[in-house]
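The structure's right below; bear with me while I get my questions together.
Every chain is named by a letter (A, B, C, D, E and F) in the order it is written, and numbering of its residues begins at 1.
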Amino acid sequence: MKILLINPNISHSVSDLIASEARRAASPGTQIEVVTAPFGVAYIETRFEALIGAYAAAQLAAEHEARYDALVIAAFGDPGLAGIREAVDIPVLGLTEAALMSACMLGKRFSIIAISRRITAWYRETVQSNGLEGRLASIRCLDQPLRDIGAVQEDHETRLRELCLKAVEEDGADVLIIAGAPLAGLARSIRADIPVPLVDGVSSAVRHAETLIALAPGRARAGSFAAPPHKPNQGLSPALQALLARERPAA
Amino acid sequence: MKILLINPNISHSVSDLIASEARRAASPGTQIEVVTAPFGVAYIETRFEALIGAYAAAQLAAEHEARYDALVIAAFGDPGLAGIREAVDIPVLGLTEAALMSACMLGKRFSIIAISRRITAWYRETVQSNGLEGRLASIRCLDQPLRDIGAVQEDHETRLRELCLKAVEEDGADVLIIAGAPLAGLARSIRADIPVPLVDGVSSAVRHAETLIALAPGRARAGSFAAPPHKPNQGLSPALQALLARERPAA
Amino acid sequence: MKILLINPNISHSVSDLIASEARRAASPGTQIEVVTAPFGVAYIETRFEALIGAYAAAQLAAEHEARYDALVIAAFGDPGLAGIREAVDIPVLGLTEAALMSACMLGKRFSIIAISRRITAWYRETVQSNGLEGRLASIRCLDQPLRDIGAVQEDHETRLRELCLKAVEEDGADVLIIAGAPLAGLARSIRADIPVPLVDGVSSAVRHAETLIALAPGRARAGSFAAPPHKPNQGLSPALQALLARERPAA
Amino acid sequence: MKILLINPNISHSVSDLIASEARRAASPGTQIEVVTAPFGVAYIETRFEALIGAYAAAQLAAEHEARYDALVIAAFGDPGLAGIREAVDIPVLGLTEAALMSACMLGKRFSIIAISRRITAWYRETVQSNGLEGRLASIRCLDQPLRDIGAVQEDHETRLRELCLKAVEEDGADVLIIAGAPLAGLARSIRADIPVPLVDGVSSAVRHAETLIALAPGRARAGSFAAPPHKPNQGLSPALQALLARERPAA
Amino acid sequence: MKILLINPNISHSVSDLIASEARRAASPGTQIEVVTAPFGVAYIETRFEALIGAYAAAQLAAEHEARYDALVIAAFGDPGLAGIREAVDIPVLGLTEAALMSACMLGKRFSIIAISRRITAWYRETVQSNGLEGRLASIRCLDQPLRDIGAVQEDHETRLRELCLKAVEEDGADVLIIAGAPLAGLARSIRADIPVPLVDGVSSAVRHAETLIALAPGRARAGSFAAPPHKPNQGLSPALQALLARERPAA
Amino acid sequence: MKILLINPNISHSVSDLIASEARRAASPGTQIEVVTAPFGVAYIETRFEALIGAYAAAQLAAEHEARYDALVIAAFGDPGLAGIREAVDIPVLGLTEAALMSACMLGKRFSIIAISRRITAWYRETVQSNGLEGRLASIRCLDQPLRDIGAVQEDHETRLRELCLKAVEEDGADVLIIAGAPLAGLARSIRADIPVPLVDGVSSAVRHAETLIALAPGRARAGSFAAPPHKPNQGLSPALQALLARERPAA
């Protein structure tokens, strides 16, 4: 199996974290690659940044999907996920969605641990659009400026552990989701000290991608995840244009 | 007042419909202009097309907002609306949101009349993200191929009237929203024959834009609609870059 | 355009606040009048008081609607709004509904700032009956006795500002609604110091009333906002009786 | 025990149906009385009529409550119920609420059988304000003009039986609520032929009233059902005035 | 009338509390009996313990139902309630459901007072499965080890009173539910000191059982509470086997 | 990895279907075993049957879990799942939950295809308790008697295909869940003819079990999925008793 993780942001240091955690999580025989957005911002905290990241992810998906068995949109918040799922012919997963699915199989109510206060609204809306807000116990977040997006784990580990314990003790979380590509791998390193299961988006997404490839449930040729109907377009990259023009079997 | 309507699609014929209805609806003294996306698709029916339209709308918003008092994202489904609202310093409205607000002041439950079956999932999710799914009586839609996106009203008026009556009689709608820029103005022309209030997105958005300009409620400097925090970016258009780099007063 | 604001309570000092803010908010050429309930209580905090105010508002609506283009029920909580909307032939708006609509076009989650703890349950239920509880971040309230209902703004301005800031910082509000006719105009006077948009019910209602008049969406002749079916009645005021007996065109 | 049922409408024939079913349902030793509204409409189908009935019910409650152990607002839709519950010192029940409580103890999802299409919106909103919309399987209704509100059962029994069977077979109802005072007693007479439990509002309300009297849970002196705070009022009936002026023990 | 309360746990001291409160609450002429589970745990705090209690309750229900007019599953959380309701031919009630119904007739939002932190997740899920989570103000709980499950009231009365007052003052509860068979009767003894109505599960269940017996709404022969369809089984107790094999009239 | 699937029913023919599909779905190197309930019913359609199956599953889980890396409760509806997850120290999955998680990664709204009308209420409640009812497009079911629970696929394949197509065309499903162990494997055999992804519970559960084993998120020592607190018990099987008495590390 070949899985491509798309970092919809421009931070190569975060791509390295993603690649490292993804390779650690993958089954033997699964090949992992990561691409980094050629345009966009350092990391996504807001809906506007997500809008940019979604377009970058769509571009990269169109360029690369032909050579992979599944794609992962490797930013928490899943920018562009639902749209890209319509357009390409292989499974597409997102870090939030994948983490939510893992969390739901480990407990009833989950909390999310996040890297900034500003990011929490976007995360809340992502949980809502997954229809799972009723199981969200809380979102707890760092509230200090981030020196270096590739070094959040080292810089803030103590505080992140505290947030985890608070979510369990005060918010009633059964499971914790360590959110955001910059925290990829943290779940593994602090697991022993936190008294509830910890879920990581990157490793969840890689494993669930392998599952969807193996289950081979079939591609949507009808319903709202069939490919967009053919219609005039202009000004798009050759890869996007080719993707929209691709002929598919009718429903 | 100067209001810019941004057509996030490439169809100039639809931009003409939008401009015409917008000017008819505007207060005396309000100037209306419409711009058309330089890249994208003919009209949006899917999440993937919305993702493209959102990016086009964001580009146009960044380029033009300095010369206007309010922006309207002039496609039903409001591609990019929440993100653009964060980034610019003037009110931003969308056709769906504006139509929903009008409908809520005229009755309790509303139905949406749409131009294709495929478009309904995207509309439903837009209503959900507005938190108003509990008041959605139904979405009724045309189910025939569209010959010409600028001529949907003439080609399908009889069927559209039937859909309106069905929504009242069978779905319990108190109000009807005629959805989508290609249907701009239809509400006005069939109003006399439909026994419940009819809401049009373009005219609602223009009037609500005037209201937000007049009320001058203040720009968000905190909360999740403050401008995105400054951070590194690359590969963006000069206008987007300038928008993200703009200095704003602190909260 | 002629708009009548109906104060469903007996406090002339509050009617004066309403009139003043309404006139400030209205477009040039719009005429504003205010009537005060001849029976009822000083201001509404509870469901029982709202029940009385609703009946007073209905009486006043029946007596006056023939000479206006729109009515506004000028108490937060909108006593009688949905019922009166059925009965009269012109648009009817309420302060809560109008403020909610403004708030929804400015952000995602809103908080309400209220004049007493007791009033909060009624406000929460009004938000619920608008179907918008999912976007309510919090209701924050004064908790001291009110010396004079016409002087709440002067007496409690410092505390009201504090409540606003708390709602932004601790509850995650994107927008604030300054609730209740006794606070009409406060939003304008403290706007510069609060870092998110502030919404006022009276000015929102006046502007939205102008919009509904201009859009002319049509009167419901079917659905649950058509006029009540003719049937025997007794003991009602002449105006109410005439309203219920009015002949209307069939659906 | 002495229980007063308040018919908030002017139809004495319906009051007779109420009295008859209430007496049949009451425990030995319970005294049942019924009063009829001196002003209002023949029966309530709309929010506006409910607003009038609520005020009539409040007046009657204020006049009579001193001589009873519990009150029942004897119209489906419970006009004024929540308000009157605040104001008087004895338990107050409504037909809808009482029927919903019975239904919830007999199955998971219920349908409501109603006397007119117009009435269904009001019923749906009553279920919503009870927080139970998630358990509402459907509302099925007669759709012919009613010759005589006191004779609906005889005139339409065949159709009402059909509606009951449809709700079970097509809507998945576990329990049926026969709604509206004009149908009081119908549940009993058709019970043997309907394959799920049938709930009647009047008999449920009488029995639940006896229960609340017996349980003696205490009167609210705090929270949102404490009596309305003292404040100036004018123009109210002597009974209402006295009720609002009554001194109660502090919380 | 003869009502059997089934303690699904093995604690005879709790059965005694249940019997005592049930007899105090019952109408004259109602006979109350209590049986105690022959297998299971001392008291239920978790889903796993509830699963065991549900099976014990089902066994006891099958053995005894023929000699009673109604059954009460006498543990808060209602283990097995919905299943047993399908299987037996008489009304079956649970402490939580019965308390919720009482609370809903006394106010809008209720809090639950519970004996341990661990038990709160199970209670929350019970409220959710009743569809009433929207009215749940809070669950407040003791957080100290319980010396003796039959003596919780004496050991912790002061703390339980404090929890009641906090729920009213800080959580906005209109009504309080004193939860769990070990607290049966506490509501009565502290009622005078708490400023909102207090609801007890045992007394509510007994009274509501009398009501369902008296209303005689009919047994479900269709819908999801009809008896389970006949099919092969093995290894069940004779009573369970006989219950599943019983012939019933067709729908 | 060693995974045990627990058939909570007594039908060995269904256990064979489960084993066959589970082995086909498992990764190389994963060992699959299936045990069949020694007591209970042929298959579960109702809450009462689920209550019995839950207890049987709990017994089997207690007896066998020490020798496996994960358990699967192999009946749609997941009898006992949440409780057993608390009690054992390895991941526990259910067919419904696993299928829901797969479906959520393939589309937005899903329909469930079921073997009988009676079973649908139980399935609906299972989706609700997973918090995902907002994404449920419909449940479609066979409505003929089942000749042989091990032969439903052969006997009813044509009708099952029809139900699938109806759910896509009329209900708006993006994904279909083929529900119930008796239909294990059907998804695979009809996949090519159905125009949306098909999800099977058994194969989903096996793959997700492998994922949870590999991710090793940690066992809950706090929160509502920690092991039940120690307390007196009696009359339980030795395996259940040992499980409840097991010493675990503190939180």
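Methods note: a contact is a pair of C-beta atoms (placed from the backbone, for glycine too) under 8 Å apart; a residue touches a chain by one contact, two chains touch by 3 or more.
A quick map from chain label to UniProt name: A, B, C, D, E, F = Aspartate/glutamate racemase family protein.
Not measured: the values here are computed from a predicted model.
Colleague: Could you tell me which chains make contact with chain A and chain D both?
Modeller: Expected: B, C, E, F.
Colleague: In whole angstrom, how far does the Cα centroid of chain A sit from the Cα centroid of chain C?
Modeller: 44
Colleague: How many angstrom lie between the CA centroids of chain B and chain C, rounded to a whole number?
Modeller: The computed centroid separation for chain B versus chain C comes out at 27 Å.
Colleague: If I count partner chains per residue in chain A, which residues reach a count of at least 2?
Modeller: 82, 85, 108-109, 120-121, 125, 172, 174, 223-224, 226
Colleague: Spell out all pairs of chains that touch, sorted by label.
Modeller: Applying the touch rule to all chain pairs gives A-B, A-C, A-E, A-F, B-C, B-D, B-F, C-D, C-E, D-E, D-F, E-F.
Colleague: For the complex, which residues does chain D have touching chain B?
Modeller: Going by the criterion above, the answer is residues 120-121, 125.
Colleague: Per the contact definition, I'd like the list of chain D residues that touch chain E in the complex.
Modeller: Residues 25, 27, 82, 85, 91, 93, 97-98, 100-102, 104-109, 130-132, 134-135, 168-169, 172-175, 187, 191-192, 194-200, 203-204, 207-208, 210-212, 214-226, 251 of chain D touch chain E in their complex.
Colleague: Note which residues of chain E are touching chain C in the complex, please.
Modeller: That would be residues 108-109, 172, 174 of chain E.
Colleague: Please output the residues of chain B touching chain A within their complex, sorted ascending.
Modeller: Chain B residues touching chain A: 10, 37-43, 45-52, 54-55, 58, 80, 82-87, 118, 120-122, 125, 128-129, 223-224, 226, 228-229, 231-236, 240, 244.
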